[in-house]
Every structure is written in structure tokens, then in C-alpha cells.
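In what follows, chain A forms one complex with chain B and a second complex with chain C.
Showing the complex of A and B:
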């Protein structure tokens, strides 16, 4: 097990390095510099600014500087707003985004897994049909449409919940529903199909043949095995929530990191886009690592397969 | 006591009768189609898709309006007999814009699918066939690519390449082939040990013949299914990019652009969001139904 974890950690470090390198050189490949979009600056001033941000150095030197700074967790200044750094942006917005995202993941898991299990047990029953239909529908509509409709009907028309901004508990409701709808639908589908697959396994028949009460067959023999793919999907689930949060935070005017990321794109604030990409890359790499280790803990097959 | 031969009579030769095929032989494709037809949801999905594609490609020739013409004094008019889907804030006919938008969205989807087919299938087939160290190296690259948050790179690529159709094509194509590569590699690994491969090799088939004549056709079922599910993903990514301002530029439109334009005015003119959103939802659901139907129809284990 220790060897497996070590192996995964090393892989993830490589991934993190690839993320930084790829992002850095992609941003450098951009036509024109970060100041090219501004109104034309006199040559001398441009030179001065470039020296200030060390943009006149050779490319490889800039790259190693950037690597060093990333290791020290300094993601650099914003090129659009004076005195603001990428670290500021992340520090300010992260707690809000983490609350919103964490809540969405939690709700998806707490609701999605049981509904999926029940759906599979009562295959083609009423609940199964209703939730499957809903799942297809929410998975088929772009998230900004769902968010927009929620905001319009429950926020503006019925005034049940505040339609935008952030603050009290009531502010959480609409963005969380909008954000978790897709991942919830996805988890229901995943759990359901994974349960249905387990139902036909030999060990389930053996358990029944031994006369184990139905509840224990389901709980101990089926659910435990059916949950392996669910646990393995932790990383893609987080990725989905993260990307979804760009749009949801933007629509509901929530001061989180996702909104800043979208704003930085529309502002062409390249260093912020670059820094946040690296930040998101690290975040997801971390979640992938946790997901891999959890999967290996619950499923010995994974462990043995990768070590061998 | 001797038994005379006359007491024996030869039995009729049943062998030929037992071997006779009573039902007409059916090809794999015909069988798959027969089972696909039996699934109403899948069939409905296919019909809807054909209708949508027809509307998108032929529809614009049947209306007198063009997607870029602004009609004076006709801003934000609700659906009517003259303008079936109403008009947008600049007084453009929404019906023809939906048709044109469908062209773009479907083109993105088809292109993403094709690229996936070419790159993903080739990559997966090579990795699976070569095996050993080459396979290991190639799959580690895929592992790394899979861990990287791809949507963020789609955004970054779209920023880099300047917003527009080409950048959407490239961004989606470059990023979404890893799933296909994994799938094809797994099928190739399973298939290459089978007897028919051994036979083909013993008969001296060349490597390209092995791949294109024997491996790829046998792995076709999962490839097709994966393709149908990847199309909605491409349409989604396109609408996502459009929403954050990286879509095709005006006056061109895609469903994603139309929906995000409609989103801006939804409080007063809901249909301007509802109609493109409905187009996206219908297409996505139809593709999912067709994908489900194909998966069942192409799976030999479910053959009845």
C-alpha cells in the first residue's frame, strides 16, 4: 500500500509540473505581450514595464523563475489591476467557492447515492422512472440555462430566495441547486448502473443462497462493491463542480474564484488566467490523488494491478 | 440365430436436416438494426436527429430572412405567424438563426467526433497492438492528460487562438480524444489474443491489414457508442465557451451563442432563451437515446 501511495504521489508531482509548464508556455505563445492590448505605449515606457516584470529576460530564465515562484506559492501580479496579485484573488475568493462547491459535492453524494441504489433495487419502479427522467433532463440542459431559470422563477418572480449575491444561508440555496444538478444526475446514473451490474454477480447469488437476509445482502455485498466506481469518480466529480462554478458564480454574482477566472478571461488579464489555471490544476491533481488512494483502499484489485 | 438383412432398414440421413439453416442468414448490421428498431426511444431519438439535421442544413433556404438581416422596428417580437420563433434584440428572425446556429453546433459536434475517431482510435490501436514498453509510455501520457483539468485548457486554448469557430474545433478536438484512446486500447488488448488474430497472422496478413481489417471492425461497437455520447459533450462545451464569451463571433450564431444572448434578456423575453435551450436539450437527449439504443443493439451478448 505504501508503495502504491508513493507511486501515485510521484505521478501527481509529474502531473503538477506538466500543468505548470504547459500553462506557462501556452501563455507565452500568445501573440503580443500582456501590454499589447493597451493603447500604444512609447517604446521606452514599454521597455521599462517589461524590465519591471522581468519580461525582457530569456524565455528559459523566465520559466525557471516562474517555477521557483510557484514552488514558493507566489503566482505573480495581475497585469490589469495595480497592486493586486493572483494570490490575493485566490485568498479572497476561495473560502466562498469552497463552501459552495463543498456543499454541492456533499449534496450530490448524500442524495445521489441512495437514490441510485433505490432506483436499481426497484428497477423500473416509479421512483426509478421519475429520477431517471429528471436526470436525463438536467444532464441535457446547459447549466447556465438551469441557473437562469431558477434565478428567474424562484428568485425574481416568487421571491422565495435572493436571486443573486452572497451572504445569508438563503443565498446558498439557488446557486447550490444549480451547481449540483448536473453532478447529482450523473451520480444517480452512475450508482444505479453500477448497482445493476453488481446484482448479476456470482457472489451476490452465493450470498443469497447462503440464506443471508436480503438487507445484509444489499448492504454488505452489493452496495459496498457498487460504490467502488462512485469513489473512483471523486476527481471527475470535483472537476465538474469546479468548471460549473465558473458559470454559476458568474450568474449569481458570487465573489468566488470561479467568477474571478471568467472575469480574468474577459478582461484578458493573462497572468491571473495563468495563475488560476495552475491553481485549478493543483487542486484537481490533489483530488485525483485522494480519489486514487481511496479507491485503492476499498478495492484491492486496483492496488495489486498497478503495483504488479 | 441369424437375423436376415431384410429386417434392417436404413434410417433417413438426418445429418443434413439438422444442419440446415431454417431462418435466413442475417448480417451483424442487419441484426443490430433490427434490435435498434425494436427500441422506441432510440428510434424516436434517431428520427428527431434526422429532422434537426435536415432543418439546420435545408431550413435556411426556405425562409425569406437571413441570419444577419436586421428588420427595422421588429426587435424582441414574440413568436408569431410571420416569425415562428420571434425576433432577437436586433430584430433578426430567430427561426433562421436557430437553423444557422444548428449548422454550427452540429458541425462542432461532428468535427469533434471525427477528430476523436482519427486520433483516439489510431493512438489506442497503436498502444494496444504494440504493447509492452510502448504501451506503458503512451498510456502514462494519457494518464497525465486525464488528470489535467481539460475544460480549463479548452478555455486557455480558445483564449490563445482568438475566439472563433476554428479555435473551438481545435480546442475540443485536441482535448477530448483520451477517453476514446483508452477504450480502443482496451478492446485491442482483448481482441489481439483471440484465435482469428492468430489465424490472420499465420496467413501472413500485414500489420495495416491486421488493424483495419480485423481489429477496428471488431472494436467498432464500443467506438460508435462512445461517439454518440461524445457529441452532446461537444455541444455542451461549445455552449459553455459561448457563454463565457469565447464563442463564434457575431453575426454568426451557434445554439450556445443564441442561448447565452437569450440569457441576457430572459427576464423580459423568455422565448429568446427557451428556444435555443430547447434545441440543445432535444439534441442532447436524442443523442443519448440513440447511444443507449446502439449500445444494446451492438452488444452481441444481448442478442436474442
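Showing the complex of A and C:
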């Protein structure tokens, strides 16, 4: 197990390095820049600015400098806003985004897995039909459509919840629903089909033949097996929530990292865009690592070392 | 020895499917005595496994089972689910045919062995562990204590089948249903496993229902044999009766299909045609479309079981006093 984790960690570090390198050079290859505005700056001033941000140095030197700073988790200053560093932007925005995203993942897991299990147990029953119908519907509707409908009906018409912005607990409700709808629907469907597949496995019949009460057959023999694909989908699920949060934060005017990311791109605030991409890359590789370790915990066949 | 332990009377099992009712088991009557090995043979789809799964109540929800199956004086088909689960694994256990998929891949062998033992025998974890080690020792799994903490993927096929057998023996059941316990194994392991089962049966006086299509296994293990075809019992008798005085044309055909070492001049016989479609089984005797001796009555009316003496019974119109006499010795050996 320890060897397995070590191996995963090393792979993740390599992936993270590739992400940093690729994004760095891609950003450098882009034409234009934060200081290229409609009014052309005098040559001398441009030189001064470039010297200040060390943009006049050779490319490789800039790259190694950046790499060194990333290791120290210093993502550099913002080009657009004096006195703000990329770390500031991330720290400020992420406390909001993490709450929204974390809540969405939590709700998806806490509701999605049990609903999927019950749906499979009562296959073609009322609950199963209703939830799978809803799941297909929400999985098919883009989150911005759901967001818009929620804002209009629950926010604007019924005035139950604030239709936008951030602040009180009530502000959480609509964006969280909009953000988790897809992943919730997806998890319900995944858990359900995974459970249905497990139901017909020989080892479930073996368990029943041992005379074990049905509850234990489901709980001990079926759910653990059915969860293997669910846990494996944790990383892509998180990725979905992260990307979804860009749109949701924008629609609901929530001051999270997702919105800062989009704003930084329109501002051509390169260090911010670069830093955010690296940050998201790290976040995602981190979740993949967690997912891999959890999979190995549940499914012994994944562990590579001899002694389980 | 001759006290009946399990009596199956008029067992019928049908499956509801979109295509219609599949008549998997039709009016099956069988008896297993205490401490005896009954072999059930027949082609795939003849209803062997479904018969067993029917009274073990392990079939999917679309199965409709009727009839009477008395075990130790209790009708299994009338028990509540809770009462039934006290018999499953405790009084009657099953050993399934595919050891590669029959064990749960995410639970240790120990967990899988302990749960039945703890439940049925009321032992605590440490005692159940001791019992599990004892059982693995008995079925010839080396280093049982260490093996308990391992997962099924760390076992070879033969070792897994031994674990399956150990699971079947766990609570000293009075009847073990072994559904092709050696089919998935290579021949040397097969012999070891059969030897093991024979020895265990002798030690514990457990009755065994052995489902197989290997007649060699039958000859080596069984006391009595039931030949099934098309969801019905075609012939039932002692091993001697079935191998030396077979009376049903299907039994003849099966026996002709065994390769023999003492004869090298003929091609191996196969039974022409294919097993009946149980969605729409042929009228009359299910074997008549493939039977060399079929008469007109065979196509319209199913033959009753005829008692031939000494509990040897066959369901065939040739047993009727008016039917032509066919010499079974010739039928089995003819080229």
C-alpha cells in the first residue's frame, strides 16, 4: 500500500510539473500582453515596466524563476492591479469557491449514492422511476439553464432566496443547487447502474446461499463493490464542479476564484491566469490522488504490493 | 442411511420473460437420503441447477416456483425468508461452480468465511477464526492463518474452489449442493477436490447433491444418479442401474457419448439435434425430436415415471407393456 501511494504521489508531481511548464510556455507564446492597450505606451516606459516584472530576461531564466517560486507557492504579482499578488487573489476567492464547490460535492455524494442504491434495490419501483427520470433531465440540462430558471422562479418571482450575490446562508441555496445538479444526477445514475450490475454477480448469490440477512448482503457484499467505479469517478466529478463553478459564479455574481479566473483572462492579467491554471491543475491532481488512494482502500486488487 | 432427508415432489419452476414463460423445471420428483450422494446429470439447460436454486429460493424475482420440497419434515417453499435464511448455509449449503467469480473480490477470505460461522453457530470473531483455520486446513489450503487475511485474487483457481468447499462445510450442514464443483478446474485439481469431498462425506455423513455433466465423476462419487432432460427427470436409479441397466434412450445416448479407452475403432458419438427450447418445449416427451426410438405416442403425451424395481425409475414409453422391446446393452455399445 505504501509503495502504491508513493508511486501515485510521484506520478502526480510529474503531472503537476508538466501542467506548470505547458501553461507557462503557452502563455508566453500568446500575442499581446497586459500592457498592450489601445494607447501605445512610449518605448521607455514599456521597457521600465518590463524590467520591473523581469520580463526583459531570457525566457528560460524566467521559466526557472517561475518554477522556483511555484515550489515556494509564490505565484507572483498581478500585472493589472498594483499591490495584489496572485496568491492574494486565490486566497480571497478560494475561501468562497471552496465552500460552494465543497458543499456541492458533499450534497452530490450524500444524496446521490443512497438514492442510487435504493433505486437499484427497488428496481423499476416508484422512487427508481422518479429519480432516474429527474436524473436524466438534470444531466441533460446545462447548469446555466438551471441557474437561470432558479434565479427567475425561486429568486425573482417567489422571492424565497436572493437571486444573486453572496453573503448570508440563503445566498448559498440557488448556486449550490445549480452547481450540484449535474454531478448529483450523474452520481445517482452511476451508483444505480453499478449496483444493478453487482446484483447479478456470483458472489452475491454465494453470500445469499450462506444465509446472511438481506441487509448484510446489500451492505457488506454489494455496496462496497458498487462503490469502486463511483470512487474512481471522484476526480472527474470534482473537475466538473470546478469548471461548472466558473459559470455559476459568473451568473450569480459570486466573488470566487472561478470569476477571478474569467476576469483575469479578459484583462490579460497573465500572471493571474497562469497562477490560477497551475492552482486548478494542482487541485485536480490532488483530487485524483485522493480518488486513487480511496479506490485502493476499497478494492484490494488495485494495490500493487504483494502483502495486502 | 436410507432415511429420506430431502423430498422434492412435483416441483415446477417457470421464469416470466418478455418472450413468455420459460418452463425450466417441470414436475420433478427426487429424493435424497441421509448421507448419500445423488448425482444429477444432463445437458446445459436441462434444469439441474434451477431445480436446486428453486428450493434454496435463490432464483431471481421473475421465477415462479410451485410444488413441495420437504427437508427434514419442513416444506422449504412455505418458509418465510427469515426462516429460510436459517436453513441456508446452516442445514443446506451450496458450493457453486465458478470459483473465479463466486468469492467477493473486495472482502478478505477471513471475512467471507467468518460471517456464516458467526451467524449460524453464534461464535465470536476469535472462535470463528479458529473454525475457519480448521476448515481451510481440512480442505488442504496451506498456511490457513495467513491466508485468511488475503483477498480472493491472491488465490489460484484450485485454492479458491477449496475455499468455496470450506464455506460449504462451515456449519456442518446435513446436505451440500455442489453445482459442478470441478468444472472450472484442471484435471489433477479436479481429482483432488473430488477425493476431498468423498473423504469429508465419509467423516461427517453429509448428504451431497452433485450436479455435473461429467459421467466419470458420477461413477466415482455417486450412490444414485438422476438424469434430467428438458426440465424433467428422465431416469433415476443407483449408479449400477444407470451405468449397467439404463432404460431411457437419453441415458443410452449419454453413455454412448463417453470416450472409451478399450475401443479405438469408432468415432465418438454425439447426440444429434439440440436441447429443447424451454420457452416452447416439444409436446409429449421432451426428448422425442432427438430420440431414435420415438413412437407416435411420444409426440403427444409425456410418459409417466415407471417403477422398474429397486427404486429404479424411468420416464419413457418404451417401459409400457405394449411397447417394442429394446435391448439396452446393445443400445449403449452399438457403434
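Here is the rule we go by: the second predicted complex is superposed on the first by the 299 of 308 C-alpha atoms of A that agree within 3 Å, B and C clash if a C-alpha of one lies under 4 Å from a C-alpha of the other, contacts with A are read in each partner's own complex, and residues count from 1 in each chain.
Heads up, the rule we're going with is that a residue touches a chain if its C-beta (ideal position, glycine included) is under 8 Å from a C-beta of that chain, and two chains touch if they have at least 3 such contacts.
Just so it is clear, the model here is predicted, and its values are computed rather than measured.
S.K.: Putting chain B and chain C on the same copy of chain A, do they fit or clash?
M.R.: fit
S.K.: Now for A:228: first (chain B), second (chain C), both, or neither, which partner does it touch?
M.R.: second
S.K.: Just chain B (first), just chain C (second), both, or neither: which does A:42 touch?
M.R.: neither
S.K.: When the two structures are overlaid on chain A, which partner does A:58 contact: first (chain B), second (chain C), both, or neither?
M.R.: Neither partner.
S.K.: Comparing chain B against chain C, which has contacts with more of the residues in chain A?
M.R.: B
S.K.: Who does A:83 touch here: chain B (first), chain C (second), both, or neither?
M.R.: Touch partners of A:83: none, neither chain B nor chain C.
S.K.: Who does A:243 touch here: chain B (first), chain C (second), both, or neither?
M.R.: The first partner, chain B, only.
S.K.: One more residue to check, A:167. First (chain B), second (chain C), both or neither?
M.R.: neither
S.K.: Just to be sure I read the superposition right, which of the two partners does A:209 touch: chain B = first, chain C = second, or both, or neither?
M.R.: It touches chain C, and chain B stays clear.
S.K.: Which value in Å is the smallest Cα separation between chain B and chain C when the structures are fitted on chain A?
M.R.: 6
S.K.: In the complex formed with chain B, which residues of chain A make contact?
M.R.: Residues of chain A touching chain B: 11-12, 14-15, 18-19, 22-23, 26-27, 29-30, 136-137, 139-142, 144-145, 148, 152, 156, 235, 239, 242-243, 246-247, 250, 262, 265-266, 268, 273, 277, 280-281, 284-285, 288.
S.K.: For the complex, which residues does chain B have touching chain A?
M.R.: Against chain A, the touching part of chain B is residues 143-144, 147-149, 151-153, 155-157, 159-160, 232, 236, 239-240, 243-246, 256, 259-260, 263, 266-267, 270, 273, 277, 280-281, 284-285, 288.
S.K.: Please output the residues of chain A touching chain C within their complex, sorted ascending.
M.R.: These residues of chain A touch chain C: 201-203, 205-214, 216, 220-221, 224-225, 228, 298-301, 308.
S.K.: If you look only at chain C, which of its residues touch chain A in the complex?
M.R.: That would be residues 56, 58, 81-82, 85-90, 93-94, 96, 98, 101-108, 111, 115-116, 119-120, 149-151, 153-154, 164, 167, 170 of chain C.
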